[in-house]
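Here the structure comes first, spelled out in C-alpha cells, and everything after it is commentary.
Read from first to last, the chains carry the letters A, B, C, D, E and F; within each, the first residue is number 1.
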Amino acid sequence: MSTNLETTNLKTDEMIINMGPQHPATHGVLRLILKLDGEIVRHVEPVIGHLHRAQEWQGQNRTLFQYQALIDRVDYLSGMFTSLAFAHACEQIDGCQIPPRAQYLRALVCEMNRISSHLLWLGTFLIDLGALFGFPFYPFREREKLLDLFEEIAGQRMMFNYIRIGGVQRDPKPSWFEKVRKFTAEFPDRIDEYEAIVTQNPIVLKRTKGVGILDKSVAMDYGVTGPSIRGSGINYDLRKTRPYGIYPELNFEIPLGQNQGDTWDRYMCRILEMRQSNNLINQCLDKMPEGEISGKKQIAGLRIKAGEGFSAIESPRGVLGCYVISNGSDKAYRIRWRNPSFCNLAVLPSLLIGRPISDIMAIFGSIDVILPDVDR
Amino acid sequence: MLANSAELFKFTRLTLIWLTLIFGSVWGACFIVGVLLPTLLLRACDNEIFALLAQICQYLTPLIAILVFIPINAMFMVLVERRGLALFTVRMGPNRVGPDGLLQTAADAVKLLFKEDIIPTGADAWLFTLAPIIFFAPSIFGSIPLLAAITGNNDLFAITNLPTGIFFIIAASSVPVVGIVMGGWASNNKYSLVGGLRSAAQAISYEIPLVLSLVTICYLNQSLNVVEIASRQTGGFLNWNIFGGGALNGLDKYLNALINGSSNANDILQAYYPSNQWILTVIAIAGLVVSTIIAFFMYITAACAEVNRIPFDLPEAESELVSGYNTEYSGIKFAIFFLAEFTNLFIVSSIATIMFLGAGNNPIPQFLIDYLFKNVTFIPQTINAITQALSPLINQIHLINPITFWSVVWMIVKTYSLVFFAVLVRGTLPRFKIDQLMDFGWKRLIPLSLLVFFIVIFAKGVINTNV
Amino acid sequence: MSQTDTNKPNETKEMELGKFGKFLKDNGIDSTRKDDSINVETIVISVKDLEPALRLLKTSSETKLNMLLTISGVDYTDRIDSIYHLWSYDHNDALVIKVELPKQSQANTDTVNLTSIANFWSAANWHERETYDLVGIRYLRHPYLRRILNPWDWEGHPLRRDYKQLVDALNDKNPHSFR
Amino acid sequence: MAQLQVIQILIFVLLGFALPAIGMIGLAYILQIMFGYHRPNSVKNQPYECGIKAFQDAFLQFDIRYYLYALLFIIFDIEVIFIMPWAVTSDFISKALKYPMLGAIEMAIFLVILTFGLVYAWKKGALEWE
Amino acid sequence: MSNLLTRAKDSIYQVLRGLKTVAVHSLRIPTTKEYPDTMPPLPPHFRGRLALNVNPETNEHLCISCRQCERVCPDKCIEITAHKSPETNKLELIDFKIDHGLCMFCGLCTEVCPTDCIINTNDFEMADYSREALVYDIRKLTLTQGESSHYFAAKEIALPKPKPAKPVASAPIAPSIAKPVETKTEAKPVETKTEAKPAETKTETKPAETKTEAKPAETDTDTKSTDNESK
Amino acid sequence: MSELLNNDLNSTDLARENAALISPELADTVTLTSIDKAINMLSQIVSPIANLARSNSVWPLTFGTSCCAIEMMCVGMSAFDISRFGSEVFRATPRQADLIITAGTITRKMASALITLYEQLPEPKYVIAMGACTITGGMFNDSYSVVQGVDRIIPVDVYLPGCPPRPEAILDALLKLQQKIRTENYAKRRVQAYQQRPVCYVDYDCGRPLEDLLAMAMEDTSLALDQK
C-alpha cells in the first residue's frame, strides 16, 4: 500500500488463524498457526506431529522381517522407496548380493511409483489451486492404472511390502510386463493432455510464476532436496550424483527449473520427471535380465550382521535416508529415518511470510509434503 | 464417433424430464392461481370483493411462478452441474436415487431440511439468521422483471413489464452481497469473516464492468425495458445485440429481400447504410460489432464474479477458507444459501440471454428459413394447421399461446447452454487470487469497458449522422 | 512394550584419521576415528569441539560439507550419542560425526546437554527439536527448543531404552486384542 | 398504471423478503423442534476452526484495503448510474436538437473525466493490493 | 500495449485450449467400474480377508497348529488355541481367531505358513456394525472345499498331500467347517472319505464332504456361486 | 400438565411406551409427554421419507490423516465414483457434513481435534471407522502415541477393516451405513436429545477427560505464539 494515502497509521487487528489439523488444503494433519494482517501472513508456526505414529520406535520392537511390512506406511505414496531405503541399509550392513533381475525389478517398480506419486501430487496441487472438480480427476485416472499394476505384482494398491532385504518378493509374470509397456506407450499422451489444461493456463501462471521463490542458499541451508531444490536450479539427484542400484546403466536426464525457483518451476520439474521416469521404465523393461529375484532367504527369523548402515535414495520428494544400527539379532537396535518431507517442510515459514493466504496453498502444495513422512 | 453416447443420452433424457417437470409445475401453478382461481371466484359470486380477490390472484401470479420455479430449478441446476462435471471427468455421476439419479438433489434438499441448525457461541444470532434471507430475497424480486421478457409479454405477466427493468435488476443484484458480508461477520468465525470481506470487495469491483456492459446495450437500444430490448432482437441472430445491437439489421433485411427475389433489395441497403460515406459506415459497424461481442464476454466474466462461480469463487474458496462465508451455516440456512447461489447463476444467464442473445427469439434468420423451406412447404403448413386447430383452446386458456411457448423454449435452450458453459469452466479453471482478482477487475475490465463504451457511442453517433 | 532385546552393538575399534579427521586436526580440533562400518569416515569429537568443527566443515571451501542430512540420537544405555550425517551438494564425500554424551547419574538422566548448531545451520533446527523430543538430548542455545512430534506436555522421551509407556484411556491395551 | 406497477413491485420486494423469512423460520424451527435434532452443547457451539478451539473472537478490525475499494466503487458506481438516463434519452435529444453527434460528445467528455479519475487512483496506488 | 494484446490473445487461446481438452473428455466412455453391480477383477495375489484352507481333495483342515503365523504377525492379530492330544502326542487345533480389525493385511502369515493353510482371499467386503464382529473364529475363517481348490488353482500353489494317518487332529474342526451355503448339495450320496475319519460321525459333516467327488469344473462354478452369495 | 394427567390415568401404558422408546441407560432420567407421543405419531409418517432422503445424500467431511485418506480420495475419483451414491459432496466444514470417515491413524495429539470435529457435526451424524488404525490401532496399536481405536473417543457406526481398505470396500461400508440409516427411528433419536453434553466416550474411566485434551490443544496454541 502506498504511503501517500496515509494508511500506515491506521491500525488493523492481527488475526490469528488455525489452519489445520483438519483443513482441506493441509494434506492431512499439518497445523499452521497464522498471524494475519488483513490477508497477509505475518508469522507462521507449523505444528507437526499430529500423525506421529512412532515408526522409529516400532523399528526397535519389531523383527526386521516384520518391520519390512510396516515401512510402506512411512511414506505411503511411495512405499517402494521406503522399502528400498531400508533394504539398502540392511544390505550394506549384511553385505549380501542382490541378483541383477531383482535390481532391475526394483528400479522398475520404483520409477512406476515415482510416477504414481507425482500424479497424485499433480491432482492435489490443482485442488489446492482451486480446480476442485475437473482436472484432478484425470491424473487419478492414470494413477489407478498404475495401482492396478502394483496390485497384481505386490498384492495391494499402496502397501506393497514388495522390496525385501536381499531382493524382491515375487517375480512378475510376462503378461505383467506387457501391461506395463502398454501403460508407458500411452502415458506421454496423457501428460500432453495435462499440460494442455494446466501448464500455460493464464490463471495457473498468475498464481505460480514468481510465487514462493526458493532461494538457492536458503534451500541449501535448510537441506531441501528433491524436485523442490531442482526447481531452484541445483542439479542434485542421487540417481546421478551418488548412483545406487542399476541407475548407472540407465540413460536419463535430470530436469531443472528454468527460472528463479518459483512454484511453477517446481511444477515443471515434476512434469518433466514423469516423462523421464516413463523412459526409465521402458529401459528397465528392455534390459530386464533373467535369473534369481532374491539373494537372501525370506524367513521369519531374518537377521543381518552387526554394524551400522546409512543408505539414501532419491524418492519422489527428495533424499530419503535410512540409518540402521544392528546388533546382529533379528531386531534392529535403532532405526532412524531421514525423511525428505520433514526437511522440506522446515523451509515453509520462510517462504510464506509476507504472502497473502491464497499463496499458502500454492506454495505448500508445490513443495509436495506428505504428512506421515514428516511425522513418522 | 460418439463413444460415450449412452451417458450423453442419459444426460439428455434426464435434462428433458427435469425441464418438463419444472415448467409443467410452474405452468400448473400459474394456471391455478392466475386462471382457474379468478374464474372460480368470479363465477362463485358477482360482487366487488370477489372481483378484487380475483384480481389480486392474477397480480400475484408472477410471484407464485417464481416461488415455484426457484427451488425446483435450483435442484435441477445442481443436478446438471454434478452430472455435467461427471461427464467431463469420465465418470457416471449420481445415478442411484430415482431413475438415473433423477431425485438425487431432491434427496439432498430434504436431508438439509431435517439437519440440525447450529448457531455458534458468540455469533450475532439475529444477523446470523437474517443473512440467508437477505441473500435469497433479491433472487425472488430481482427476477420478476425478467418474467415478461421470458414469456414474450404474456398478458398474465404484463404487470412485470417495468419501464426501468434492467435498472431494477441491477439494483436487486447488488443486495445479496450484503447478505454474504452479514453472514460472514455474524458467524464469529475468522474464515467466514475473510470470506465475507472478499466477497464484498469482489462484488463491488465487478459491478462496474457489469453495469457498463449492460448500459452499452441499453444505449444501443435506447431503452431500459427488457421487453423492449427483447422485442428489438426478432428475426434471426443477425439482429441480436451481441452483433452490434441492431447495426446488422439492414444486412438482415437486405439478405431477406435478396433471397425472396425482391427488386428493392438495394434500396433497403441504401436506406440503412448510405453509400456516400461508406468507409466510415463500415468502420463504425465493425467497431460496434466487435465492441458488443467484447461487452458480452465482459458481462459473462463479471457476472461469474458476481455470483461467485469458479474462477472467481474466492468467498468460499474451499482450499483456503474451508467454506468461506457459509462455514458456520448448517441445515436449512445453508440450503437457502445454496439455493440462492444457483438461482443467481440462472438469473445472470437469463439476463445475458435477454440482453445479448436475442431473448426468446428464434435464432434462425427469416431469409434462411425462406431459403430452406422454399420447396418444402408442408412443414410450415403443418405447423400452421396445428396452431389453427389448437387456437380455440389456446384462446380459452389465454395463458399459453404459441408466442409464449416458443419464447420460453428458446430462453431455456439459450440460458441453459450458458449454464452448461459455466459448468465446463468450473471443470477446467483454477481459482484466482484476491489481489489478481482485483487487478483483473480494476486494471483490465474497467478500462476495457470504458473503452468499449467509448467506441460504441462514437460508432452509434457516426451511424446516426449518416442515416 | 518391554524392550526385549537391549544388547548393545559391539564397540568398534579405533582407526587412523581419514581425510576430514586430518583436516580438522590441521585446524586444531581433535577427533578419533571409529571403524567405518557404513563405508564413510566416522569420527568422534568432544562436546566442546562440535560447534566450531561443524561451522568449519560447512563453510570451508576445502570440505564444503554443506548438507546436513540428519541428526540422530541413539541411546546406548550408559551413554547417548548425537550423530551428524554430513553430505555435500557439490561433491561425493560424506562424513559422520558422533558426539558421545555419558549419562551423568541415574537421577539426572533426562537432561543431556549439548550445544545447538541450529543458530548457523537452519537444517539442524527441526532435527534437534526432534532428537530432544524423542531421545532427550537438550541442545543448549537452541532458538526454540520445544517438543515437535509429541504434545508439548508429554512426559519422558520415547526412544530412550528405559522409557515406560504412559497408559491411559486412549493408549491402553485393547481388551479385545490378543496381545 | 405506472404508479400501480411501482406499488406492486414494492409489494413484491417486501414479499420477497418476507416469504423466505417465514418459510425458513417456519420450516427450520418447527421441524427442528418437532423432530428433536436440536442438541446444542458447549463444544458443538464453538466456532469452527479446523478442530481447535478458537483463539480469539472474530469480531476484529479488519484490513483497510477493503474500505478503499469500497470508496472507489461508490464513486464509480454513482457515475455509472448517471450514464443510465443519458443512455435512454440521448438519441431523442440529439434528434430534437438536430445534431446527431451531440449525445456522443457529451458522453465522451463525461467518460474522459471518469477515466481521468481511474488513472489518478491507479497512479496513486489505490488499486495496488499490497 | 502490443505486449498486453499478445498476452491477452495467448491467455484466451490457452483457456480455450483447456476448455476444449476438458470438453472432449465428455465424449469418452466413463472409466467407472460400477462396483456393487460388477465385482472388480482382482489379481490372485490380492491380500484381502484372511482364510484357512482345507485340502481341496480330502477336506482335511490344513492347519497343523505350528503357530508360525501367530509368531510372525506384526500386529499379533492371530490367536491359535491348540492342545496336545494325550493319545497321539500331536498338536490338535481347537480354535483359530483372527481379528480383522487389527490385521494390516501384510501377508507375512501366508508367507511363513508351511502347509499353505492360511491365505489371503479376494474378499474385501468386511465392513460391519460392531468391532467384535470383526474377530473371525475358525468357523468363519475356514473355506469350503470348492473355495480352497479355487484359491489353490488361482495362486498356483502345489496341492498338499493328504495327511498320513492321524486324521484325529481335524476331527473337532470338521463340523464347524460346514456352511449353510452348501446345504443345497446335501442330497448327494456320502462318499467313502468319511470312513477315513472315525470321529466325523456327526450329521453336520455330511454336506461338507459331498463335494469331494465333484469335478473340477463344477467346483469352479460352485465357488463362483458361493462368492456371489456371500457378496 | 397433560403428562400428570396421563400418569394418573394410565401409567402402565405410558411405562410400556416409554420402555419401547427410551434406551435403558436413559430410562430413569427421561419421561415422555403427550407432545412427545404426538410427535412420535407424526414421525412415523415422516421418517420413512426422511430416512430415504438422508440415506441417499450422505455428505462426508473431508477428514483424512494418512494412507486411508488417499483411498478415500480415490473413491471419489473416476474409477470408483462415490458420486453414484450421492456422496461426492465432500464438505470441508463439519457444519454441512453428515459423516466422518476417520481415514487414517488418530494419534493422541489429533484426538482432541477429532472429538471437536465430531461434536461440531450437526445431528444426525455418522461415523465410519476406516482402516485398521482407527478400529483398533492396527499395526501401531502398541505405539506410545496412537489412540487405540477411534471408538474410544467417538461412537462409531460402521467398522471397515483393511489397511487401507480398497475403495470398493468404502463403497460397501457406505452401503451398509445407508442400510442402517434407513432402519432408524426418529423418536428414539429424539429421546436421546436429553443427553446434552459433549462426547467423552465411555470406554475407560482412568483416562484423561475430554476437557483436558481440548485444553491441551488450546495451550499449545498460546505457547507457540508466546515464544516468538
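Observations on the model:
Everything that follows uses one rule, which is that a contact is a pair of C-beta atoms (placed from the backbone, for glycine too) under 8 Å apart; a residue touches a chain by one contact, two chains touch by 3 or more.
Just so it is clear, the model here is predicted, and its values are computed rather than measured.
Ranked by number of C-beta pairs in contact, the top chain pair is B-D.
The chain with its Cα centre farthest from the Cα centre of chain E is D.
Using mean Cα coordinates as chain centres, the one most removed from chain B is C.
Here the CA centre of chain B is 19 Å from the CA centre of chain D.
With each centre defined as the average position of its C-alpha atoms, the distance from chain D to chain F rounds to 41 Å.
Between chain A and chain C, the centres computed from C-alpha atoms are 25 Å apart.
One simple way to say how far apart two chains are is to compare their mean CA positions; for chain B and chain C this gives 68 Å. Shown for chain B are the residues in touch with two or more other chains, namely 86, 88-92, 114-118, 190-191, 318, 322, 327-328, 331, 427-429, 434-435. Multi-chain contact residues of chain E (touching two or more other chains) are listed as 15, 18, 21-22, 25, 30-32, 34, 74, 99, 102, 104-106, 131. Across the assembly, chain C contributes residues 1, 149-151, 158, 174, 176-177, 179 that each touch 2 or more other chains.
Within the complex formed with chain D, the residues of chain F that make contact are 39, 42-43, 46, 50, 93-95, 112-117, 119-120, 122-124, 186, 189-191, 193, 195-198, 210, 214, 217-218, 221-222. Contacts from chain E toward chain A in the complex involve residues 10-11, 14-15, 17-18, 21-22, 25, 31, 42-43, 45-47, 68, 71-74, 104-108, 111-112, 120. For chain D in complex with chain A, the residues that touch the partner chain are 49-52, 54-56, 58, 60-65, 68, 124-126, 128-130. Contact residues of chain A toward chain E in the complex are 62, 65-67, 69-70, 134-135, 138, 141, 144, 151-156, 159, 161, 170, 193, 196-198, 200-202, 298-300.
Residues of chain B touching chain D in their complex: 59, 62-63, 67, 113-123, 129, 132-134, 136-138, 140-141, 144, 159, 162-163, 167-168, 185, 187-193, 197, 200-201, 204-205, 207-208, 211-212, 215, 218-219, 222-224, 322, 327-328, 331-333, 336, 434-435, 438-439, 442-443, 446-447, 450, 453-454, 457-458, 460-461, 464-465.
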